[in-house]
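Just so it is clear, A, B, C and D label the chains in written order, and each chain counts residues from 1 on its own.
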């Protein structure tokens, strides 16, 4: 593997930097309506979580599944930015929306299915927005780092890697969270790495242990699915945490997190 | 799995139809120059192979690898169409090229990495070009059929599935050709299914046995990498067949192929 | 990979040798009673199939599943040998039964779960019985060849490899038959390789195409599950062929089989 | 999955019980000589680690690799028990050694390759020794729990599960440590679960993060490879920790370990 870009720049998002703490992102699987999103934002404000996950477009396996609210979802993102001082993370699926994302979205997510969508990588490489690059569920660590390299080589160095589980023969979990990959990439690159335990687990009772495992392995943050009432979620309802469970998990993260030695692992 | 579109329409490409015979596609990994392509076209004419694989754009894992000739590759495709009466198959990686593909390319390929690039699927679903939809190396059969469904639901029923090997724990072959998938999809859909043994094998000495295995499992055709002098190939040189080896394999296909009972498997 | 034993000896089993034809083995998943087995033997005699699959012991995932008839199954094997001139293949699970197998069983099978049971390998390496060594569903080609090497290095050179599918992320088939492995091992070793399409497929409608695919890839034979009335089978009923379906498949094998060039692939 | 035995008995080994703390096991990949083992035992005494990993027999992929010291390794185990008050964990590969293990070994390990060696499972099920049952690298969680059920159903309820990584398409780590499996089995069974990060990682720089990740996911302990001078280790030298690195890791475990809420996960 020949990675040409050796990255060593701080990523700052609003008041946040990875040196100050863990990047905790939370939000529903998809934007359902304004009320739901405002509820989530108020909750996150109370919990002092500065990052909201807010998906207007959902890449879905079947063309007959709910595909996200689309344009009216983007309108809700606008209203969120007008009413809350929260950083919005949103997945881009079509470069035609890029202007909107530039204006209203704080961190652009490249989803697992688009990790090797090189046109998206090259286009986002030309923006100055922080990017969360999810590892594809069928992609190797090498391919993941090379996908990051597409962004870096195009000029955007604000790349945050996100491990979200890989596809294995094991059928009892949705995917297998590859904590070894989190630890390994930190020996190769200085890019921050976060984890998405919700998608890896596919069931809410495994989200807390996988979150702690990812952080223990050296992750710089986690992205968690939460919902005001998980059983009413339009998609992925099995894996979303309710507010109360999220608050409990947050307390554990705050107690244990500072004890993990991200820096030591980071520069070996 | 709920597939709404039950497909039962004949796909005709030039003089070819799947009822008349196997779809044999051959060509180099990528367009290198006009001379190379004209050599291949003349050879295919002599062998009465009506389908040329001709890639101007190559999605590559690393941004530092050869990415295809790009625009000048498209120019070469134009010249091929002016000088030979061969059907050109070419992979699309960017919807900005769609107009060119509509005019000069006979069958548009969606590569493994773009199988779940839903924007490409939806856009090509609105054309009337035959589409070869490769299975992603990390994708299930269900996801592959749903990707086809994106094309069908958008109005394009000329979909040809292509199995090209999946990623497994076995390191001695590049990928594992899933011949069971070829047989299985024929019990679910009436779409034709071809195979790409070259990419699955990753080494030329396995291409012949995998080609015969795919046809024996019920494949309606194969796509094969050939090169005037494989050792000079710019990319994937280990898996390309020379002209002589290709001619030998073709004789085996012509002897054995008609004995495989595609129809019986097809409509059980 | 350093394989010390380069094998080049003919394996003869009764009147059979791999140079004369394909090794076709058939029989039920397990011995259920004498009547069932005699029915199968008479059928195989009529079809001129000289090899019977007859399992008295079944290694089962759950301790609460049917584990085979055990000792009374061995008694039925004795009676088969007294009444039919058929070669019996049977899996050994416990070295305490080895004396019986030496006396009444013609070909001893080492099952997928025992491929790396090195005590069994070393003990069978000291017998002169032909051995069918199944590839473990989680084992690489390298491990499979080294397991064979345990037999060869202990002195038994009558080793027949058997590919039976590997475990992958694909959930729609029981396992993924690795036809590339069949072709590949023939470039490395001169040991014969057969396939077990029934266990790979896990469903009877895929058995015929997978059988033909394995032979097309160069397999020297196949082991097939058949049952007088598949729906009554005590175990693995989904994948057993009835007598009529087996006879149809046999005709295809007899027509197409001789056209596959095992020898050419064998010595490249 | 129908697990008949619902286990709820405390496992006590010497002064240790899982209620009092984490089970930390350390030792070399294999017994090399008495001096090496005595060095390790003295070190573990100083660190107050009561469990020694001591393998006399090594199941090896190739028959030409070092297979362990065998009988003279067993002699060294005897001397360890005479000179140190340490609990010895040793893998059994042949039931002929069972008498020795009953007398001198405190915890018997069933290795990954023997997880579905049902004869060993049934025989050990009839002893009253605590058993560490490693998950096979190609086995599902369901198969692992059923293998445990073979032990439980035979009468031995002192079963400790051990996750050691599964085989996936990722080539940069030896195996993929399945931390989700650790968390998941705790929702199904009350058996203790430990992890073997050394074998999963295959490289020493990932052992510390994987150890912490396993504990964070709820593991009740870890088994770690250590060696007086790792670069001199006869086998698996890339993954062994030196004494100093082990001591550093131990301090992290002692600081962070008590904060993980094994019990809460345990009884949800």
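The definition used in the following text is that a residue touches a chain if its C-beta (ideal position, glycine included) is under 8 Å from a C-beta of that chain, and two chains touch if they have at least 3 such contacts.
What you are looking at is a predicted structure, and each value in this text was computed from that prediction instead of being measured.
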In terms of C-beta pairs in contact, which of A-D and A-B ranks higher?
A-D
Computing the C-alpha centre of each chain, which chain sits at the greatest distance from subunit A?
C
Inter-chain centre distance, subunit A versus subunit B - centres from mean C-alpha coordinates, in Å
35
Residues of subunit A engaged with two or more neighbouring chains
138, 142, 167-169, 171
As the complex stands, subunit D meets subunit B at residues 138, 167-169, 171
Touching residues (chain side subunit C, partner subunit B) in the complex
138, 140-142, 166, 168-173, 176-184, 187, 200-201, 205-206, 208-210, 212-218, 252, 255-256, 259-261, 265, 268
In the complex, subunit D touches subunit C at residues 2, 4, 59-64, 93-94, 113-114, 116-119, 136-139, 142-143, 146, 149-150, 153-154, 167
